[in-house]
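For reference, the structures are reproduced in the following blocks.
Same chain, two partners: chain A is paired with chain B first, then with chain C.
Now for the complex of A and B:
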């Protein structure tokens, strides 16, 4: 389990990350979202023990993620946002070097290397020089490198950048698989929809502050001031709209056609149920009454804009 | 499994050996078969040096074999910075340092491991020179040359110069790694380390020795020069040629002190480099 408590990083006077709190259970995949300069990399580096927090702590299974503790690093797989590969090293040699570094037994190394290459779809490049790989393949090699020591926690800083759509889909698949293997995974990105598919939780960070953290749907709800409900009737559309507006928590009707419209609703789920019941009791011929999926992209834009104001 | 892999797998799994394995794989295979490795060209230079120097070596008397050994620290002074100066600065340039800092390695392990990788090929090359000198020495003995009076026996000068060579190499490596860890650019690191070492080896004695001669008289020259590897040659020559020879205990004392100083500074520089890497955990890498 990862517990992050009031994690703060200051560079001189500038506070890049301000008192971030969250906790992740094994198997949870956290989508870590924020715009450029929000503090994602800084937070991830603190968890990778690469940066010393100014305040606060992070515990992995009760053990502090401390820069002086070499053993704890064996439980972490960290994929940086930018990285370079050595000039004269082959793909398998690169993995072998890190497997050795992380204490994988000499007899296990060939098997482990084949496994991670298989997992990242790089088996056919085993004998190639790492530098000769394409950008996306280097990205995958870096991910393979993070896996050789079977870490408990994976920190992936924008792993999807530079990947083609197919590789992206495969990466999502792979990250999901890592979650099912019981690992704690943190994946950062600028793009919320990209993460929503496989993340079990999301954290939204802006200007160093964690604006929201929780299950994808909960976060979306907590961030959406008013949700939109779409109603479709057989008949009496205009009348239904007027009826609704006499009720609490309802505003802003927008007609799609005479018998179909959407309105903004700020009440709780109970209020929503009461509202639907009242409409049915009043005899309106309702055939659809549904929450509109919040557009994650819109939401992200809305949230980040809010932070900048 | 191939022969090389067998050897590589036998290297004990100590953190500081993390790059030596790779060095062994590359330098053994590619450079032997003419691969595009810096090593090849450096070996070429060594062979050239040996050919040029062979006249001198072959005409050397038995007793001068010990002095020939002082070629080694001088060679090391040029070869080591060339190989060692890119190690940490290069990690910065190619952005590969973070993956090492995140691995279960201490900063000192990283510094030592990177330096070791660069030092191993230089040592391998210089071992060839060492063997040649030894062979010449043995050859001269069989030719019936006898040590002359008042001259340091090769049984002393050979081990002494060998120790001095390793200590000096350690110092040069420490200094170069330190420069490499503060410059962040490989070309700046190379320029700075060669500049500083050339200054240390040639410019400093060129000033200090004449100055001390004026102030203290000629015998002190030897003591001062002995603090310095290139000066060792001057020292040995002086000892042989000075009217009142310096006693053997004095020679040993000077050697012990100067070697300790180099060892201490080498270690200090290695630790300073590690400390420098440690500071990135506070400031981040961007500045």
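Now for the complex of A and C:
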């Protein structure tokens, strides 16, 4: 379990990360979202013990993530946003080097290397020079490198940047698989939809502040002040709209056609049920009454509004 | 203990960082090619010279002999120069390439210790250097077969070449980590070599001169560490130092010193790479003390071996002898003195003085550590001078007091300058500039001496110049020390005021960042 408590990083007067709190259970995949300069990399580096927090702590299974504690690093797999591969080094040699650095026993190394290469679909490139791989393969090699020591927590800083759609899909698959293996995974990105399908939780960071954290749907709900409900009737559309506006929690009707419209609703689920019942009791011929899916892109733009200037 | 041993074996055998470097070295043979070309040119030049040597000296065997010696020394000199150039390149590229690729983050997110990484890198570079030296052996061997040198000389010479290479390589490591650039590392190493070499050469040359003068040519020994000054080796080969009654060859002392210097430099690199309160920083501080003790020993043995005749300028000379060896310490102090307000706790001036940090390494420990370094050197020197009855009892305290006051001034300036800088690098540069500026400006007075403007005024400029370790009366000495202490006090007072303001502004009063680890 990862517990982050009021983690803060200050560069002189500038606070890059301000008192971030959250906790993750094994198997949870956190989508860590924020625009450029929001503080994602800074937070991840502090969790990777590479950067010293100004205040606050982070505990992994009760043990502080301290820069001078080398043992704790065996539990962390860190993939930075930018990285380079050595010249004149082969794929398996690269993995062998890190397996050695992580203290994997000599006899286990060949097996471990084969395993992570298989997991990342790079088996056929084992003898190739790391530099000769395509961008997507290099990304996967870097991920393979994070896995040689079977860490309990993975910190992936924008792993999908620079990948084509197919490679992205494969990467998502792989990350989902890691979650199912029971690892804590943090994946950062500045694109929310990219993370939404496989993240179990999201954290939205802006100007160093964690604006929201929780299950994807909860966050969406908490951040969307009014949800949109779409109604479709056989007839009496205008009348139904007037009826609704006489009720509580309802505002802003928007007609799609004479018998179909959507409106903003701020009530609870119980209120929503009562509202539907009232409409049916009043005899309106309703054929559809549904929540509209929140558009993640819009949501992100809305949350981070103004944070960029 | 068992765990420690296992860790050591892991570091020196099958070190992943080394193996990676070896693989790269094996696959990219550029260095070897360049070296081969250089050696070929060397051979051609040597052959051409050899021809002219033989033809011009053919009429007398003894002049042929000395010409051959010159030939050998020229070859060795060229090798030496090349090693001094190649070693920093090897050291710098091993580190800087990791920064360029940004792969260093990957290494340091792994549980490999800083020591593991640095030793791995260092040994790989050292191996490459040894290989290059080995390849040059045929050329020097020619010198032996032709009679320009003996095998023993060649072996000892190579030992020294290797030691020089090892030191230069190690000098490059911390500089590379701090600058993260090839060009700046190499120029940094060159600067250190010039400064260090110059200081060591002046020190050893003057001590040799004193000895030769004093002993009227009857000497067979040279101060033990003179061989570590690269370009002096041709003259220092084959000497030994008496320990009790046993003559111990100087290369043994040089070897020990080399190990200590390399260790301290690598620890410096390690300390630069680690966070506040790391083992590396603590170890660096402890080994720094050991190295300074070694330095004290070498000065002690030099001072001891000089027959001190009663001199007219006795106290002035004693003042110089006690305090001049502090110059390298003063340079270290300029680095200790600096801190940065936006840095990690490691470089954040947390407090004026904290004895726990003397070995812990935060800025609050600088005052204590700096004073200890100075006291060690200055008092050793003073006590040694006293033991050869060159100075009086009171002077044992008075002469080192100047060094201590000067050190306090450097630290004070650092304390005053640092709160104005976010990064520690900025404060360091300013401290160096400020101290050097003060010293150099104040020495302008010295120049007037030669021009002979006004004897009284110019002498006063020299005698009363507090930055100059020369005082031929105790009253003058007390005056100088007082001036230095006033500067130090003012700097500390205003610096501390500035620091507190800065600290409140940046980090708030209620939660000053305390060491949690």
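In this section, the second predicted complex is superposed on the first by the 305 of 309 C-alpha atoms of A that agree within 3 Å, B and C clash if a C-alpha of one lies under 4 Å from a C-alpha of the other, contacts with A are read in each partner's own complex, and residues count from 1 in each chain.
As a working rule, a contact is a pair of C-beta atoms (placed from the backbone, for glycine too) under 8 Å apart; a residue touches a chain by one contact, two chains touch by 3 or more.
Just so it is clear, the structure is predicted and the values come from calculations on it, not from any experiment.
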| Which superposed partner A:98 touches (first chain B, second chain C, both, neither) | both
| request: Name the contact category of A:13: first (chain B only), second (chain C only), both, or neither. | output: second
| query | Regarding the shared-chain residue A:55, is it in contact with chain B (first), chain C (second), both, or neither? | reply | second
| task | State whether A:42 touches chain B only (first), chain C only (second), both chains, or neither. | result | first
| Which of chain B and chain C A:66 touches, first, second, both or neither | second
| After superposition on the shared chain, which partner residues are touched by A:283: those of chain B (first), chain C (second), both, or neither? | neither
| said: Residues of chain A that sit at the chain B interface in one complex and at the chain C interface in the other, please. | reply: 11, 48-50, 52, 67, 70-71, 73-74, 76, 78, 80, 82-89, 93, 96-98, 100-103, 106, 145
| said: Taking the touch rule as given, give the residues of chain A at its contact with chain B in the complex, in rising order. | reply: 11, 42, 45, 48-52, 67, 70-71, 73-74, 76, 78, 80, 82-89, 93, 96-98, 100-103, 106, 142, 145
| request: Note which residues of chain B are touching chain A in the complex, please. | output: 9, 13, 15, 18-19, 21-22, 25-26, 30, 37, 93-96, 98-99, 101-106, 280-284
| field | List of chain A residues in touch with chain C within their complex | value | 10-13, 48-50, 52, 54-55, 57, 66-68, 70-71, 73-74, 76, 78, 80, 82-89, 93, 96-98, 100-103, 106, 145
| request: Within their complex, state which residues of chain C touch chain A. | output: 14, 16-17, 19-20, 23-24, 27-28, 100-103, 105-113, 116, 274-279, 341-342, 344-346, 422, 505-507, 511, 513, 516-517
